[in-house]
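Structure first, commentary second.
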Amino acid sequence: MTHSQLTLVQIDNYGPWTVTPNPRREMDLQTLQSRLFADLAQFVGARDGYVFFTRFDNMVAVTNGLDRADHALLQETIGNRYPVTISLGTGVDATPAAALEAATAGLQHAGSAQDGDRREVLDGEFLPETERTDGDVRIAHFDVNDATGKYTDQLNEFDSFIQIEQGYAAVMRHLREEHGALSFFVGGDNIISVCPAMDEGDYRDAIDYVETDAGVELKVGVGTAATPHVAGMDAKHALEECRHEGTIVELGRPAEEAGTATD
Amino acid sequence: MTHSQLTLVQIDNYGPWTVTPNPRREMDLQTLQSRLFADLAQFVGARDGYVFFTRFDNMVAVTNGLDRADHALLQETIGNRYPVTISLGTGVDATPAAALEAATAGLQHAGSAQDGDRREVLDGEFLPETERTDGDVRIAHFDVNDATGKYTDQLNEFDSFIQIEQGYAAVMRHLREEHGALSFFVGGDNIISVCPAMDEGDYRDAIDYVETDAGVELKVGVGTAATPHVAGMDAKHALEECRHEGTIVELGRPAEEAGTATD
Amino acid sequence: MTHSQLTLVQIDNYGPWTVTPNPRREMDLQTLQSRLFADLAQFVGARDGYVFFTRFDNMVAVTNGLDRADHALLQETIGNRYPVTISLGTGVDATPAAALEAATAGLQHAGSAQDGDRREVLDGEFLPETERTDGDVRIAHFDVNDATGKYTDQLNEFDSFIQIEQGYAAVMRHLREEHGALSFFVGGDNIISVCPAMDEGDYRDAIDYVETDAGVELKVGVGTAATPHVAGMDAKHALEECRHEGTIVELGRPAEEAGTATD
Amino acid sequence: MTHSQLTLVQIDNYGPWTVTPNPRREMDLQTLQSRLFADLAQFVGARDGYVFFTRFDNMVAVTNGLDRADHALLQETIGNRYPVTISLGTGVDATPAAALEAATAGLQHAGSAQDGDRREVLDGEFLPETERTDGDVRIAHFDVNDATGKYTDQLNEFDSFIQIEQGYAAVMRHLREEHGALSFFVGGDNIISVCPAMDEGDYRDAIDYVETDAGVELKVGVGTAATPHVAGMDAKHALEECRHEGTIVELGRPAEEAGTATD
């Protein structure tokens, strides 16, 4: 059984800050947002967690392996180096969507995202070290079959992009509604989903749904481990298996074997 | 009449690089992608252009104001500081989608995105300085009505995100199909579209379509100028007008007035 | 008794890389060097270590609190995101200079800094967790008395800079020769030294030497702890004491008290 | 005759900010300082200027090629993305030290570096476009003969560093006192000096002085052009000439030839 620890990262009072005293240069906002995300990716990633840019002012992280002190340090270092601060809410649940629900609720109780007084909330439930297991985190890494051949080298970039977006929107909705899994586009033709316990048939169903709904053909590699990094690496290797074997679903090492092995 | 200069930025041979000799840590890829985008945003933005992260391995920029030498310098500085290189294709057309089509074709002719030998292509058509006018670039800046109240402070983050994505997917498809406009999600609840000449009714139709198709209510500010930055600033101010006046479409200063004025 | 763990970070084959196939834009080299250092500062700093930019192609870190696995991860993440790689040599000794000697020797044995084949060496001795104590790291934080009043607001910037440099060069030489301590200019009018066990008189002697040799008046705060961050914070607070009390040497909490307390 | 345009970049109220409400993590300060410098290097470098980290809270730039509007934009973009702001003072003179004197005075007149109210000063004299010539900027690029063989591969890193620092301190003082030239350590074993008109004998004298005073052997390449980048590139190529020819002073193309040629 999975135990996903999800953290919501929310920039405090960002909307008002971007237009006070006047609207700021758009490319400066894009730069700030991207570099803030990159710093979160490094901090969380170095502890074997994952973070996704999502909406940039609100970002979703899978933080199995990071405790409350780690979250406090992350908040402090961002506050020291950016013109904005972040609030962090954390939740734990077998179902990723429920964990994120709990994480979000923690921030919402403390105040609105645009509350001028709410700053640097640190709230929530953290998975105790003694309760962590090698089956806690399940990562599914999807990519589009032959995206380069079918799209990138054929269509203009925006039409390739529309295709990838359709595929993403479809798998995102399906996995959320059917399983409470959370899916994120991570660049190129890649989508990473944080899943509860699901079997091979569930992944095939998701792939069939996307092909029917959006006309986009996906394949997937799945990994399970105590942390997103190890589970995700297993998923990447499983995806390479798909490529070599010509299959569309490959499950990595079982939980018992994956353990906390580094790659 | 608009004259959009679109540049496609494509990382050379990125797919293979990310898995050779072995798959790389996902958070390192996210960091590299985001920081590369941030550097493009600063370089292009400092020359009053706009760039959008799009798929990160393929990024779309509106480069009215940047000439061939600027593009060459951008390519050089990225090549000096990253473990990857970029190819740049540029096109010009009254319709943004057509300009991007030409930009993409330039790269496709030179070789596949995953061609091991194709590196640092610099290709395309640049809008001559003498032909530039204050009506060249039209930027529409959409945001979701009361996103904080309706979504961010009410739903868990992923469900807020799904709502915003639905709205984005709808306006993206509609504007591309109806007008050849290109739309990009830029964080929060904001979408920026690069448009050809369109009238107030066209923007209202787009907003109606999105409300019907995705149940998301948008409002929009529109600006026109010789560069994306000036047009985009006018659009941001027009959006503030919507906020104050309670309207859903506001057009900024006409082209003749906007000129090359700084804000 | 102190037990300093020093790590030498050396960019592999950097000299040749900067001029192959042709000399690269100087500002791109400055950017790469500074951002690489910043990433090291974040990685090492998040684990309560300190790193100093030193010569940028060779950087010195105090890594009490980072083990071999941490060093391996640092090397991997840099290799994934930069066009260069780094070699890491580590040494442990009561005297910082001796520890750095051991760290450097490890790399020198593996090959020249400009050996085309030597890449990503990871070598050395790490202080075992069980042997770590609260007296391991001693940090002395010096600053110039009234630098703003005497220099910054009076002289042109280069002459202020020359003054600060003279002060730095003097304390750097004195502490190295007398005590095997390593001193680093960290910006503004601040110098941080990693010291072996020294008493209050030793710090006064150093300050007298600098005043005589360079005509620059320093004051100092000193801290001791298991990690550079905790020792350094104690040193900063001690320096504030100097400011308030008008003294020139202040020692922070004794080792037994400092422990591993966060501030 | 040279016409150096020097800009002093000063972070507003930085000292107090670093300790308010409490001292901030040292590695966060190092990260902020380095990344701010890197951004300046990119902005100024893309316009063919040079900037040197100097004291990090005060940085010196050679800005021939950047006008007042460029300086205003630089100030705006930094203010949008950092928790601090910068003041910029600019001066022009045949002698670099005099130009910097004028640049610094502009800021000093507006208020102290630690004046809580002084923010974002933009002041000074800019070299008019019509007065710019190919002889305006002279760059001398020094490096230490066989630094890798003599120091890096032989001594522990700190002792190599002390040697390089001695050489730097000597050439810095000599060139400032004799010629009003400004010298900056830029990493490795490299020193870049911004010079007034000087002849080959003057460079040989400087090299002799450093060998006598510090026991460090330098060689130098010199370039002259309308901008630091072009002059500096010529200097780098001249330095490569030294390496190949075994000489210690090489002057690049004369001003008339260098012009504004890119490399």
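A, B, C and D label the chains in the order they appear, each numbered from 1.
One rule holds for everything that comes next: a residue touches a chain if its C-beta (ideal position, glycine included) is under 8 Å from a C-beta of that chain, and two chains touch if they have at least 3 such contacts.
Which protein is which chain? UniProt says A, B, C, D = GTP cyclohydrolase III.
These numbers come from a predicted model, not from an experiment.
Residues touching across the chain C (GTP cyclohydrolase III) and chain D (GTP cyclohydrolase III) pair largely coincide in numbering: over half of the numbers involved belong to both copies. A repeat of the A-D interface exists among C-D, B-C or A-C. It is B-C, with more than half of its contact pairs matching by residue number. The chain with its Cα centre farthest from the Cα centre of chain C (GTP cyclohydrolase III) is B.
The greater number of contacting C-beta pairs, out of the two interfaces B-D and A-B, is seen for A-B. Distance between chain B (GTP cyclohydrolase III) and chain D (GTP cyclohydrolase III), defined via averaged C-alpha coordinates, is recorded as 36 Å. Averaged C-alpha coordinates give centres for chain A (GTP cyclohydrolase III) and chain B (GTP cyclohydrolase III) that are 23 Å from one another. Shown for chain B (GTP cyclohydrolase III) are the residues that touch two or more other chains, namely 25, 28-29, 31, 35, 42, 45-46, 77.
Interface residues of chain B (GTP cyclohydrolase III), counted against chain A (GTP cyclohydrolase III) in their complex, comprise 8, 10, 14-15, 19, 22-23, 25-31, 33-35, 37-38, 41-42, 44-46, 49-51, 53-58, 60, 97, 100-101, 103-105, 108, 112-114, 148, 152-162, 164-166, 169, 172-173, 176, 182, 186-189, 192, 229, 232-233, 236-237, 240, 263. Note for the complex: chain C (GTP cyclohydrolase III) touches chain A (GTP cyclohydrolase III) at residues 39, 42-43, 45-46, 73, 77. Touching chain A (GTP cyclohydrolase III) in their complex are the following residues of chain D (GTP cyclohydrolase III): 24-25, 28-29, 31-32, 35, 76-77, 80-83.
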